[in-house]
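Look for chain A in each of the two complexes below; its partner is chain B in the first and chain C in the second.
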Partner chain A sequence: MSITSQQTARASASRATGGPPRTGRGRVRRLTKRDRIVLSVMVGIPTLIQLVFVWLPTVMSIGLSFTRWNGLDLNDIKAAGTDNYQFIAQDYPPFWPAMQHNLLWLVFLALVATPLGLLLAVLLDQNIRGSKIYQSIFFAPVMLSLALVGIIWQLFYQRDNGLLNFLLGTAGTPQAVDWFGDSSVNIWAAMVAATWRHAGYVMLLYLAGLKGVDPSLREAASIDGANAFQTFFSVVFPALRPVNIVIVVITIIESLRAFDVVYVINRGTNGLELLSALVIQNLVGEGQVIGVGSALAVVLLFISLVPIVFYLSRTFGKENKA
Partner chain B sequence: MPASIDPFARPDRRTILKSLAIGAAGVAGIPLLAACTGGTGPGGGPAASSGLTFGSSASDEVPKNAYKAVTDAFEKKTGKKVATNVVPHNDFQNKINSYLQGSPDDTFTWFAGYRMQFYAGKGLLAPIDDVWEKIGGNYSDALKKASTGPDGKMYFVPNYNYPWGFFYRKSLWAEKGYEVPATFDALKTLSAKMKSDGLIPIGFADKDGWPAMGTFDYINMRLNGYQFHVDLCAHKESWDQKKVSDVFDTWKALLPFQDPGALGQTWQDAAKSLGSKKTGMYLLGSFVTQQFTDPAVLADIDFFPFPEIAVEGRDAVEAPIDGLLLSKKGGQNQAARDFMAFMGTAEAQNAYASVDASNIPTAKGADLSKFTPLNKKTADVIANAKHISQFFDRDALPAMANNVMIPALQSFIKDGTIDVKNLEAQAKALYAAQ
Partner chain C sequence: MSTTLQKTPTGAAARPGSKPKRHYGTHIFLSVMAVMWLIPLGWSLYTALRPVAATNEHGYFSFAGPFNFDNFIQAWNQGGFAKYFWNSVIITVPAVILTLLLASMMAFAVSRVSWKFNITLLIMFTAGNLLPPQVLAAPLFEMMKHFEVPYSVSDSGNMLNTYIAVIAVDTAFQIGFCTFVLSNYMKALSPDLTEAALVDGAGIWRQYWEIIMPLCRPAFAALGTLEVIFIYNDFFWPLLFIQSGDRLPITTAINNLQGQFFNDYNLLAAGAVITVIPTLIIYLVLQRQFVAGLTLGSSKG
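Coming up: the complex of A and B.
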C-alpha cells in the first residue's frame, strides 16, 4: 500500500473524529518541512539509482541493438535498422540452439530441481537431528564462487580420472563418457550441476515458508484423520501459495540467467549454448560486437519480462483487491 | 481459511520482496552488461617527463620477472624510471578497447597482426618510424612486415615469438621407427601406421576453441599460400569459395587421426598424453614444452614443421609475435620512444630471455648459446621462414575468431561438416560493424 493512500485514509479518519480543522490552503499538511525533505531523499535516491543503473542502460541497450558499432569512437555508431536481429535469427548458428537449451533448462529446473528443493525442505522441516547441518550443506553450493564450482564438477566429470567414469568402471578406457566434450551429454551434465545449486536455493525459501505455516492447520488435519501426504498436499502446500509463486518466478528467471556453470565448462560453446553466454561472448572482451550483443540482450530482456510482469500483476493485483 | 492466512502473511511478503529484489537485480544485470561492458580498464598514471609508464599483460610469474629484467636494464642504462602496471592477461585483452580510449600507459605489451593494425587504423597508436630507423637493422623482413600498420608506418616492436609445429617424443619414434613426414601424404601414412600401433596419432584439444585454428591456418597456408591466409583473415577474400572448402576437405582426411576426445580436453591435457607416449605427435605452439616439467621428458621432445601440401612448400610458419606498442598519448614522451628502441635490441631481448627461455628472441644478435637444441631448431625454422603468420585469432577480426570460428570449427570436429556460406554471411556482418 502506498504512503499517500495511507495518509488520505488517516486524514479522512481524523476528519471523521473531529480532528484539527483544514488550513486555509485547502490541503491538510501533516508533514513538516523536514519530513518532506527526508521523504523525498529516501524516495529520490533509489529512484535515481534505478534510473541510472537500470533504465538508462536498458534504453541504451535497446538503442544500440539497432546500430553497428565497434565500441571505440561514438562517431563510429551507424544505424543498422533491424539487421542485428535478422543476423541472430538467420545467420548466427548458436542462437536457436541457445533458445532450445534455455527452454530445456527451464523444463529441467521446473521438473527436477525445484521439486527436489521442496522435498529437501519438507524433510528438513521434520525436526530431525542435525537439521541445521543438513540445511547448511545443501545451501552451501548457492554461496560457492564460480571457480570453485568449476573445480568441484571437474572432479566428477573428468573423462580419464573423474569420479563418475570411475564409478561406471569406464575411466581410462575408450568407452569413457566425455561428460564435458560430448555435445549430446554435456548439457545434461551442466543441468545436474545447476540443479545442485538451484535445489539448495529453493529449499531455503520453502523452509522459510514452512516455518510460517500455522501449526494448528496440521493439527486440525490430523484430527480430521488426514495422513501425512494428504496433510501436505491438501493443507500445507496450498497454504504455501505465496512462496510457490515466488519459486515459479525464480525458477523461470534462473533458467533465463543460467550462465555460470556452462561458462566454467567451456564458455557456452559446443552444445552448451545459452542466451546469457552468447550475450557475454558478444559484449565482453575483444570479440565485442556491440550491435549483435545488444540485440541478444534485448531478446533476453523481453523474454524475462514475461514472467516478471506475470508475477507483479499477480502480487500487486491481489493486494489492491485486499 | 482466509483468517488463518493472515497471521503469517507478513513474513511471506517479506520473503517475496526479498526474492523479488534478488530476481530484479539479476535481470537488471543483463541490460547493464549490454551498455557498459568497458569498465575502467587497466589504469595508467600520467606520463612523467623523466620516465614512462609501461602497461604489461605479462602477469604470470616468469614473464613478469622477464619484463622486470628488461625495465631494470633500461633504467640502469638511461637513468629514466619505468613505472610498470601489470594487469592479468585475460583482463588486459578483454579491456583493451576502453584501455586505449581512456588513459593508457605510454607503452604496452601487445601482438602483431590484424589485432595491432586495427588499433593503428583507428588512430589509437603512435607511429614509431623514428624508432625503426635505429632498430630496423636488427630485424628480418618478415618481422618488419609484421610490425607495419595499414598505412605503411611502423607501429610495433617485436620482442619474442614462438612457432607452431608438430612436437613428438624422439625415444618413441626411434623405438617404433617412425620418420618425420615431409609431405601431407606422408603425414597421413604415418598417422595410419601410428593408429595401427595403438597410439592416438595426432594430439588434439579444442575445449577452449582456439587450438583448432592452428590446424586450419596451416592447411590453408599450405594449400592456398600465405597471402590468401592474410586476405581471408582481413576478409578481402570471401569464405564462400572453393579454396576455403578445399581446406576443410583436406582436413577431413586428417580428422580420423586427431584425438577423438578433442572437444572435452584442454591443450594441457593433450600435452600430458604426448608426454606419456599415448599420442604420437601434437600440433601446437612451442609453449607446449612448458607442460613437461620432467627434464628427461623435456630433453626427449623434438619438433618438425607442418608438412607441405601444394604451394610454397614450407615457406610460411605460424609464429605469433609478442612485443610492444606505443599509445597515442605515449607518442609525445621521448623516454617511451627510447624504451621502445631499447626493446628492439639484442641487449634487451637477452635480458628478457635470461629469465623466460621458452620463447625465441626476435632481434638479430640475440644470444642463443644457452638455448636447448629444441629451441635452436625452432629459432632456425623461424629465421628461415619467408612468411610469418600470426595465428588466426591475431590475424583476423577478434569477433570473427571468437564468435564465428570457434563454434564453426568445433562443429566441424564433431561431424566433419561446415557451412562456408554461413561463414561468409557472418563474416560480412561482423566486418561491416568495424
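Coming up: the complex of A and C.
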C-alpha cells in the first residue's frame, strides 16, 4: 500500500519539479517575509527536537565510547583512546555471545518468521472464506508490546506450570525444560515468541503488496501454462520487489532492536545476551561504565547503519535524480 | 493512496472465468496455525480466569472450575493498575498530539514548498526513526540527569523521573516516521490546491492549516491510531528515565509486577490481560485505521 502511495507521490513530485522551472522558483519568490518566518519556525522546531534528542546523542555516544566515565561528574570524563573497544572485544565475556545471538536472531527472523508471514499472506490472498478472521488472528500479536509478549510466553513456557511442558508430557518430571531459564534453549524460545509477533507484521505488509500486483500478470502466466508455484516465484514475487526491500530492512532492524523480550525475561543474561541489552546493563548496573556501554552502542550503531543506508538510498535515491 | 485504501476484490473480479476453487488444504493449514497463534493469549486468559485455589488443587492444566474475575480485581487493586494506566495516558496523549503536529508542519514544509534541503532533512528524519533506541540511551540518560531544574519542577532536581523527558524523547523518535508518511501523503495532493490559495494571497500558515491539514484527515486517523499504540507499547524510554515505580506507564510497570506477583501466575496472567485490553479495544474499533497506518509507512522498523 505504501509502495503505491510512494509511487503516486513520486509521480506527482516529478510533475512538480520536472515541469518548467517557473513553478519551483516562482513559488519561492512569492514568499513574503512573514511566510519565510512561519516556514522557518515550522521547519526549525521539529528539526531542533530531532537534532537534540536523536542526532546529538548519537554523536555523543561515539564520543563517550573513547572515554572512561562513571556518569557522575562531568569533569571526571577521561580520554581512554580505544581501550573500551579493546576491552569489549577481548575481556568482556558476553560480547561475542551477544554478537552471535543478534546474528542468530536475524537468521531466525529471516528464515522462519518472514517466510512464514509471506506464506500466510499468499494463502490469505486467495480470496478464501474467513480470510478476514484469519488475518485478525495472525495480526493480533502485532498490537502487543514486545514486553508483554515476553510475559505472555513466560506463562506458556514455565517449567512446572507452563502449558508447553504439559503438552509435551514432561511437566512435574525432571525432564521438564525451563524454556526461558535454561541457557541452552532460551534464545530459541525467545525467538519463537518474537516470531509470533513478527510473522503477523510481515503478513500484513505482504497482503497489502499482493493487492497491488497487477492481476493480468498472473493471468498471462497461467495462460502460458505456469503452475501456481511457477507463477508465484517467477511473476508475483519479483513484482513485490518494493515490499521485499521494506521487509528485508524491517527484519534486519527488528533483529537489532530485539530488547524488550529478553529484558523482561532476565535482563539479557544467561544465554539471552544481545547487544542492546548489554548496552543497558553497562549503563544502569553497578559501576556505571558509560564508556564501555557507549562502545557497545557504537558497534550497534554501525551495524544498524548498513540496513538504514541501504533503505534510504533505495527510497530517496530515485527522488534525488528526478 | 486513496485508491489503495479501497478494498480491491482481487480473486473474483480479477479472474471471472475461473471456477471457485475449494481450498481444503489451505483451510486445514490456516486453522492449525490460527489455533497455535491463539494459544499463548488464550492460555493467559484461561489462567487469569481461575482462582489460584483451583489451580493449586487441580493443577494449571485442568478444566476444573470455578471461573471468575477475582484475579482481575485483585491484580487491579494490588497492582496499582489505575495509577499505571493514568501514567500511560499522561505520556501517550501529549506525545501523540505533539508528534502529529510537529510532523505535519515538517512534512508540509518539505513536500509543499520547494527548497534546497528538502531531501536532506527528510533523510535525516527517516534515518533517526530507524536507529535502535539503545544507541542513544547513554547520552540521553546523562543529558537528562545533568539538566538541572528547580525542585518545584521535578523532585529529582533534574529531568530524570519526569514525564517530560519520556514525552520529549518519544516525540523526537516518532516524528521521523510520521514526517515521512505525511510528506508522501501531502506530495500526492495536487499542487493546484495551494497555488490557487497563493493567488488569493493566503499565507503559508493558512495554506497549511486551512487547506492541507483538513485534507490529511485520513492520514491523521491512521497515524494517530498507530502512534497511540506505539507509545502505549513503548517499554524502553520509561524504563530508562523513570525511577520511581509509581510513575511508570503500564507497559513498563508490568515488568515489575512479575516480581511482585512472583509465583502467583494467575495474578500475573490477569495483569497481562488487563494490559492487553486497551490495545485490543483500539484494534477492534480502529482496525482499519491501524492497518492503513502500518502499511502507509511500511518504513517503520
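The working rule: the second predicted complex is superposed on the first by the 259 of 322 C-alpha atoms of A that agree within 3 Å, B and C clash if a C-alpha of one lies under 4 Å from a C-alpha of the other, contacts with A are read in each partner's own complex, and residues count from 1 in each chain.
One rule holds for everything that comes next: contacts are C-beta pairs under 8 Å (C-beta built on N, C-alpha and C of every residue); 3 or more make two chains touch, one makes a residue touch a chain.
This is a predicted model, so every value here is computed, not measured.
After overlaying the two complexes on the shared chain, residue contacts for A:N70 are found with chain B alone; chain C is out of touch. Of the two partner chains, neither chain B nor chain C is touched by A:V248.
More residues of chain A lie in touch with C than with the remaining chain of the pair chain B and chain C.
In the superposed model, A:A297 makes contact with both chain B and chain C. Of the two partner chains, neither chain B nor chain C is touched by A:A226. By the touch criterion defined above, A:F166 reaches chain C but does not reach chain B. In the superposed model, A:V112 lies in contact with neither chain B nor chain C. In the superposed pair of complexes, A:Q281 makes contact with chain B only, with no contact to chain C. With both structures placed on the common chain, the touch criterion links A:M60 to chain B and to chain C.
Look at A:N127: by the touch rule set out above, it reaches chain C but stays clear of chain B. According to the touch criterion, the shared surface of chain A, contacted by chain B in one complex and chain C in the other, consists of residues 53-54, 56-58, 60-61, 64, 71, 205, 208, 211-212, 243, 246, 249-250, 253, 257, 276, 279-280, 283-284, 290, 293-294, 297-298, 300-301, 304, 308, 311, 315. The touching residues of chain C, counted against chain A in their complex, run 1, 3-5, 8-12, 14-15, 21, 23, 26-27, 29-30, 33-34, 37-41, 43-44, 47, 55, 59-61, 102-103, 105-106, 108-111, 113-115, 119, 121-128, 130-143, 145-146, 168-169, 171-173, 175-176, 179, 181, 184-185, 187-191, 198, 203-205, 208, 229, 232-236, 239-240, 251-252, 254-255, 258, 265, 268-269, 272, 275-276, 279-280, 282-283, 287, 290-292, 294-301.
Listed in rising order, the residues of chain A touching chain C in the complex are 1-6, 8-10, 12-13, 15-17, 23-24, 27-28, 30-32, 34-35, 38-39, 42-43, 45-47, 49-50, 52-58, 60-61, 64, 71, 74, 120, 123-129, 133-134, 136-148, 151-156, 158, 161-163, 166, 171, 193, 196, 200-201, 204-205, 208, 210-212, 215, 218-219, 243, 246, 249-250, 253-254, 256-257, 259-260, 263-264, 275-276, 279-280, 283-284, 290, 293-294, 297-298, 300-301, 304, 307-308, 311-312, 315-316, 319-320. For chain B in complex with chain A, the touching residues are 4-5, 7-9, 11-13, 15-16, 19-20, 22-24, 26-28, 30-38, 93-94, 96-97, 101, 115, 122, 124, 207-209, 261-265, 398-399, 401-403, 406-408, 410-411, 414, 419, 422, 425-426, 429-430, 432-434. Contact residues on chain A toward chain B in their complex (touch as defined above): 53-54, 56-58, 60-61, 64-65, 68-73, 83, 87, 90-94, 159, 178-183, 205, 208-209, 211-214, 216-217, 239, 242-243, 245-246, 249-250, 253, 257, 266-267, 269-270, 273, 276, 279-294, 297-298, 300-301, 304, 308, 311, 315.
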